[in-house]
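I've put the structures underneath this note.
Note that chain A is present in both complexes that follow, paired respectively with chain B and with chain C.
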Partner chain A sequence: MQEEIILSDEEIAILQEIMNISFGKSAADLADVIDTHVVLSVPFIKIMQVHDLPTYFKDHVKEYKTISIVEQKFWGRFKGDALLVFSSGAGKELIKMLQHETSPGFESDPIDILERETLMEVGNILIGACIGKLAELLKDVVTYTPPMVVVERNYSDAITENRYDPSSTAIVLKTDFCFDKGGVSGFLFLITSKDSVTWMKEALRLFIEQYE
Partner chain B sequence: MIFNQIFNSINIGLIILDRDLKVQRWNRWMESHSGIAEEAIIGSSVFDAYPNLNNPKFNRSCKSVFSFGNFCFFSQKLHHYLFPFKSTSYFESFFEYMQQSCSMGPLRDEHNDIQGLFIYVQDVTEVAIYEHKLVELNLKDGLTGIFNRRYMEVKLREEFSRCKRYGGELSIIMFDIDFFKKVNDGYGHLCGDFILKSVSSRISSIIRNVDYLFRYGGEEFCCMLPETKFEGALQAAERFRNAVMDMENNYDNAIIKITISLGVAGLNEEINSAEMFIKKADDALYKAKREGRNRVMPMS
Partner chain C sequence: MIRKILIVDDSPIARKMLKSCLPKDEGYEFHEAGDGREGFEKYKDIAPDLTFMDLTMPVMTGYEAIEAIISHDRNAVIIVVTADVQMKAIKTVMESGAYMVLKKPLKREDIQSALLKVKDTLQKA
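Moving on to the complex of A and B:
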């Protein structure tokens, strides 16, 4: 399959800058919502064929023995799939960190439900924060599907090959995050399809116009 | 106008809160389950009527809706409910309150600024009951209500590998009702079932919370005793034997006395699989049978 130019170098640079700004804002607001500081790295943008995605993910998470994944689809004019990958043991750390209040009738439920739900809650907040701020800068409003979660699986069976339509091209926005409490870390991947590209090019142009 | 009609006739609860978490709208579904009329609650903080919502998770969720335009989900599994409403289920009252799956999200004005949030409430009580029943069916023996053999294999393997990896004591007792065929032949199979249930409930009543009692098959049972040394398990087995021997099983005005034979195994270095562990206890049980029944036999 031939490589096609989807976003120019200049557009990628603008997108990178927008992500820097938006993730900076997310981190500040996240500290207020979940009461811990989240450090988000400078995001990295890569354009690739969808069938290369699983290998790309695996290369990034292979130092983790097991991983937990929270996945959420988002759609506005900016639409796609957010995958938040947590390092092993993250669920239990997050439970401690958030000091989850026990709700009535909870005693009979096993700990893994709490772990699942905690990952889901934190994942939902983190994904929403990053995408929400990004969409806001690009003057878009997005909605989300309920998060899905995979808990503590070996990384090679957690990321399956048949998740995406292999014929399409993806724009992958990747950022590393870590929480200053509890040593939880991982990656956030935003995968958007080519469908969002036309809108994105226009939004990037409008964004930069404000400063020109 | 049309949206108002849908708002009030839809079969889910819908609530709109402003940025101070004061109620703006409260649909008919909410009125009928809460018993609070919309006029009565509009303008007051949702915490006035439902102080249980004033908890970290709910507050965190509201903040994330207002800060990021997030959608937040409150699953039945973890939260059970947001609003303590009476259960509407036709089933036996398994849950005290209606089980709810809830979600919240932002409401924006024409400038895309978030002015409030919506919450929707779905009644999932029946699904939760079905799920609970499925889990029960999967783990428990239908007749006696104690754990089944499938669960025994899972649990024993888990406990076995935990002890092998981290150390710790583990013992099992296999036991079997003596001359059970005679009960069935002499009093009928219903009486046999009655005896199985009586023995299960008697033994369940004298084991610790951390112990597991399984029906292994037919009239054979297995009790797993975590963190218990072999000698402790032998004493427990002796208690089981006495408890069953003392039972006065009253069936159709007849008192049926029964006894059990027991084999006890304690985990040691020689035992290298869960299957071998069971076999040790099972061999001891058969030895107890051969040597005259109604006795406890340690593994060899």
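Moving on to the complex of A and C:
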């Protein structure tokens, strides 16, 4: 399907660089909290019809037997949905990495609660720092809903097909990551609607103007 | 003295941002590369006085390119310009022989003071 041209190639390149800087910040914030190094990749921007999103997600996560998702909605002038998708077993691996930080009370909790809370905490750091930095670079302020977590589900149970208005256009900012230990990997998807585009174009222009 | 500068970054915007932070009146000769491998090949061709290197790149990462360049020329002056500011990333590139690490997004003053430091080092060499 042909992409609707709502951002120019240069605007996409600027947004890509901003996403790169923003996810770099969140990886560093996470590395301060848990003993890991997050291996980063080149971010990717794609403009697509919302009804193509489920297939797009599925293509990315199909190699995972199950996935866990941390989701947060955010809104300012830049608004949308952040989906942090983790590979199978990520929650348990993250618990191991966080073990030295845990209190005795925390350790006594059942494993599924621990897993959910750990994913929520890690997700909160990665999503919050990334969107916060992105908003800061584009001179915006965003607020967030509390994170929602889905733990170890099949793709079709984890992502419902009717979650977005199928007639609209989405801008998807995607970055893959993997941790240097524990085999934890995944994707961060930021999905913003066409409603943010007018503001975004101006914000991107002002950002790059500093470097003209 | 710095005359030839090589900028290695897969993002044309990042290269443009970096160039805009460098003084215009110094007569620098700029060369650019879009990934680590191209950066290494250009390094061998032009022997730049100073190289700016991103880390997260396709084809060949900045980590690999730094190792290749340092193996080829142990006196290479490589400033890493990266969004990856994790301690392990910084430690790894410094151990590989990078001269210093600058964090994205760049600020003009960071570049200016880095250039002064490089000039001083080159003068003493």
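FYI, the second predicted complex is superposed on the first by the 196 of 212 C-alpha atoms of A that agree within 3 Å, B and C clash if a C-alpha of one lies under 4 Å from a C-alpha of the other, contacts with A are read in each partner's own complex, and residues count from 1 in each chain.
Convention: a contact is a pair of C-beta atoms (placed from the backbone, for glycine too) under 8 Å apart; a residue touches a chain by one contact, two chains touch by 3 or more.
Quantities reported herein were computed from a predicted structural model and do not represent experimental measurements.
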Between chain B and chain C, the one with more contact residues on chain A is chain B
>> After the superposition on A, what does A:E117 contact: first (chain B), second (chain C), both or neither?
In response: first
Which partner does A:L98 contact after superposing on A: first (chain B), second (chain C), both, neither? first
| task | Based on the superposed arrangement, let me know which partner A:C178 touches: chain B (first), chain C (second), both, or neither? | result | neither
Margin query: Tell me the contact category for A:G128 with respect to chain B and chain C: first, second, both or neither.
Written below: first
Exercise for the section: Have a look at where A:G24 lands relative to chain B and chain C in the superposition and call it first, second, both or neither. Expected result: second
- Which of chain B and chain C A:L7 touches, first, second, both or neither: neither
Next item on the list: Classify the contacts of A:H37 with the two partner chains as first (chain B alone), second (chain C alone), both, or neither.
Entry: second
On the A-aligned overlay, A:V197 touches which partner chain: chain B = first, chain C = second, or both, or neither? neither
Margin query: So in the superposed three-chain picture, is A:M48 touching just chain B, just chain C, both, or none of them (first/second/both/neither)?
Written below: neither
Residue overlap on chain A between the chain B interface and the chain C interface none
In the complex, the residues of chain B that touch chain A are 55-57, 60-61, 63-64, 67-73, 75, 77-80, 95-96, 103, 105, 108, 112
Residue set of chain A touching chain C in the complex reads 10, 13-14, 16-17, 20-25, 27-28, 31, 37-38, 40-42, 137, 180, 208, 211-212
Listed in rising order, the residues of chain A that touch chain B in the complex are 26, 29, 32-34, 98-101, 103-106, 109, 113-114, 116-117, 120-121, 124-125, 128-129, 132-133, 135-136, 139, 141-144, 146-147
Per the touch rule, the chain C residues reaching chain A in their complex are 10-14, 16-17, 20-21, 56-58, 82-89, 104-105
